Amino acid sequence: AQSSVTIYGKLNVEAGKAIGTTDKTLLDVAGSRLGFRGVEDMGGGLKATFGIEHRFNPATGDSAAAKFWNGYSTVGLMGDWGHIRLGRDYVVGFLMVQNQIDPFGGDTQGALRNIGMISGSTGPAGAGKVRYDSQIEYHFSASGFNIAAQVADAGAVNGGRAKRPFALATNYAGGPLFVGLAYENGGDADDKHLSLGGRYNFGFATLSAGYSRGTNVAGVDVKGYLLGANVPFGAGDFKLGYAVSDNDAVAGKLKKVGIGYHYNLSKRTKVFADYGKVGGGEPVGQKTGYDFGIQHNF
Amino acid sequence: AQSSVTIYGKLNVEAGKAIGTTDKTLLDVAGSRLGFRGVEDMGGGLKATFGIEHRFNPATGDSAAAKFWNGYSTVGLMGDWGHIRLGRDYVVGFLMVQNQIDPFGGDTQGALRNIGMISGSTGPAGAGKVRYDSQIEYHFSASGFNIAAQVADAGAVNGGRAKRPFALATNYAGGPLFVGLAYENGGDADDKHLSLGGRYNFGFATLSAGYSRGTNVAGVDVKGYLLGANVPFGAGDFKLGYAVSDNDAVAGKLKKVGIGYHYNLSKRTKVFADYGKVGGGEPVGQKTGYDFGIQHNF
Amino acid sequence: AQSSVTIYGKLNVEAGKAIGTTDKTLLDVAGSRLGFRGVEDMGGGLKATFGIEHRFNPATGDSAAAKFWNGYSTVGLMGDWGHIRLGRDYVVGFLMVQNQIDPFGGDTQGALRNIGMISGSTGPAGAGKVRYDSQIEYHFSASGFNIAAQVADAGAVNGGRAKRPFALATNYAGGPLFVGLAYENGGDADDKHLSLGGRYNFGFATLSAGYSRGTNVAGVDVKGYLLGANVPFGAGDFKLGYAVSDNDAVAGKLKKVGIGYHYNLSKRTKVFADYGKVGGGEPVGQKTGYDFGIQHNF
């Protein structure tokens, strides 16, 4: 049995101060994880796939969420015709678009994703969701194009929606170019979310831009955008970016700038330092955050 | 250390509707799991054994129970003289008899075990238990015969019993024949359970029959029986069966019919469809359930 | 990814009666565990390290604590210059001194560590802590000498201290000799702890002696000492010892004697029997405890 399971994970710890607090402590924005996954080749081009991913906080040893397998837990079938997976998983728009545009990938105090792409719960009344429980998803890839569609249970596991939430996403990666587009309908009357964005590797830097807009479950319109850059330097890269989000129920806009340097000690281990500052018409108390961190992937 | 641990598991998800509800959602009746087990050969015929098994629901990523290692958690010694294990484990009668008779093995909406063999908590006031905490068990096998005895703590971990619960079980498997017999005493004055059953592989089908009777903790007599068949067809088998349970505290009987087809994509992966319907004098609201599922074992 | 992860663990179960209760049941004082750890050699003498360790009770299948990774969870960098680790981990004085002196290593009903070395929560108002959350530690080893220093977050994760808790420890192991010395400051006004001790292997026996004193968070002075012996016999060893602790807020002293025999079935598996009795001016109800256990390490 052993041969068919791959154990993988990430240990990430930052010494720093989070935006919105005065505590200088150990943080983990990147989501430390332990996962088990596998693929069985059943012949005739058909494969069975599975994966379960636990999230935890190494600073405290606690599970990162009440759900033990908070990352995802799916089983599926894969062939030339695509890949179907059932279980808990990322919303395809989050995975294929929103999380691809932020130069910080949503990690560290510099993270811009949840503001510019309105994808998470830490931005102003986000319209997009990160994960669904009890969902069925279909993925297809060919010639650099990826498309995906998913539908989820409308019940309590997904917050008790009027209709089944669903999401559609597509992206293209080829040479220096990445572009993506996603639509999500959260299942309530006005709950929807559109996101799009791209990256281009100019050699001296990869520049990113993204835009998102939606209506949250309270019927409030939200929108945002994100501009970012990754600049290779030495064995690492500088990351910098700017994101804005605008919630119609709140006066003014929320703005954030993030900057960081991530130095790769190896392909699997890096150390990094980041700084983030929020401003605009939606005050959040402590406006700055920073971190000095280490991340190991196994 | 690595070489001595085997990782194994099961990922099972069904799209369907459970009996008793109107929700069409993702289910997992089979009990998705992740386990770690090992055997150390210490020479002289003596072996040390261990195993721990987590249960979870892949539809939601949640632990299936408050106990993380809900499946079992034991350490033991094994030799020609038998196998002693200490910890949390299945009641031997459940493992060696009750779970062997149901053609569905207790899985899917077609499952008959918990009605006909009165072994679980989902039937009418089951007298038999599935697992004990804080138990010591002894197993011996020779020439196709298996016998087992176990005794458990009477304390709060097993529900606070008047005396120590204990269970005895034996079965025989040889050629086309399987037969088993088990007795359990739950530790309270009237709490006891007898189960017996068998299977015979006629080639065109394996036919099963089981009978159980007992008295539950409330002093109520319960009894049941189960008739089942597995019919090989193509790379899979049809499963069908009928189970009845009779609880003296409730007028009438609870009856269930289950039918399904399970198709093996490989030795480790199958897809399946099942239907179950309950009836009789003990109404349960929604009487029918069905599922379309996939299961991968690693 | 698989090749870089080591899975290890311990399964420990004792049938017995704990001091302070009348229940005869299954116990686990040694702390059954499942861990994942790894080291990445990044070249140039630099290594990345990580480890996470879950604790559980095999008698019940429950997690041993609300924290899933209760043992430790760290990521770090290691070189000729030492080893830095961030996350949740043992207090260095516990790891390098207090846990080294008890012939029972804190395990079984004979355990003396928590009384004589005042390191845990089961002794009288212990001044020393076992683990810190959100800590940074530095270790250096050369020529048999080991030194370590660590500092932790003063916040809620460590009980809400006035200042950052910190600890210092050193020990030396060479030939038959082990000696160690540790100081800890828990972060509150009077919260501090000193421990020291040693072992010497005379061949026929290893004799141990330790002393500790401190002030707990309530400002109460506590002190203790421990005398122990491991006497090799057959494929195992007799363990015996005596520990005393004195809490200034309570009349009299708490005394404990422990005796046991641990028989190694292999390098990884042992069976054992132990007896402990407490006495002195601090009554604890049931004064005696005993166990018959099995432990397997993988």
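Annotations for the structure displayed:
Every chain is named by a letter (A, B and C) in the order it is written, and numbering of its residues begins at 1.
By definition in this document, a contact is a pair of C-beta atoms (placed from the backbone, for glycine too) under 8 Å apart; a residue touches a chain by one contact, two chains touch by 3 or more.
Worth saying up front: this structure is predicted, and the values here are computed from it rather than measured.
Chain A and chain C carry the same sequence, and matching their CA atoms takes a turn of 120 degrees, rounded to a multiple of 5.
Counting every residue number used by either copy at the chain B-chain C contact, under half are found in both chains.
Chain centres here are Cα averages; for chain B and chain C they lie 40 Å apart.
Residue positions 5, 7, 68 of chain B are each in touch with at least two other chains. By the touch criterion given at the top, residues 5-9, 11-13, 15, 23, 25-26, 32, 34, 56-63, 68, 265-266, 268-269, 271, 294-296, 298 of chain B touch chain A in their complex. Across the interface of their complex, chain A is touched by residues 1-2, 4-5, 7, 36, 38, 40, 42-43, 46, 48-50, 52, 66-77, 86-88, 133-136, 153, 155, 157 of chain C.
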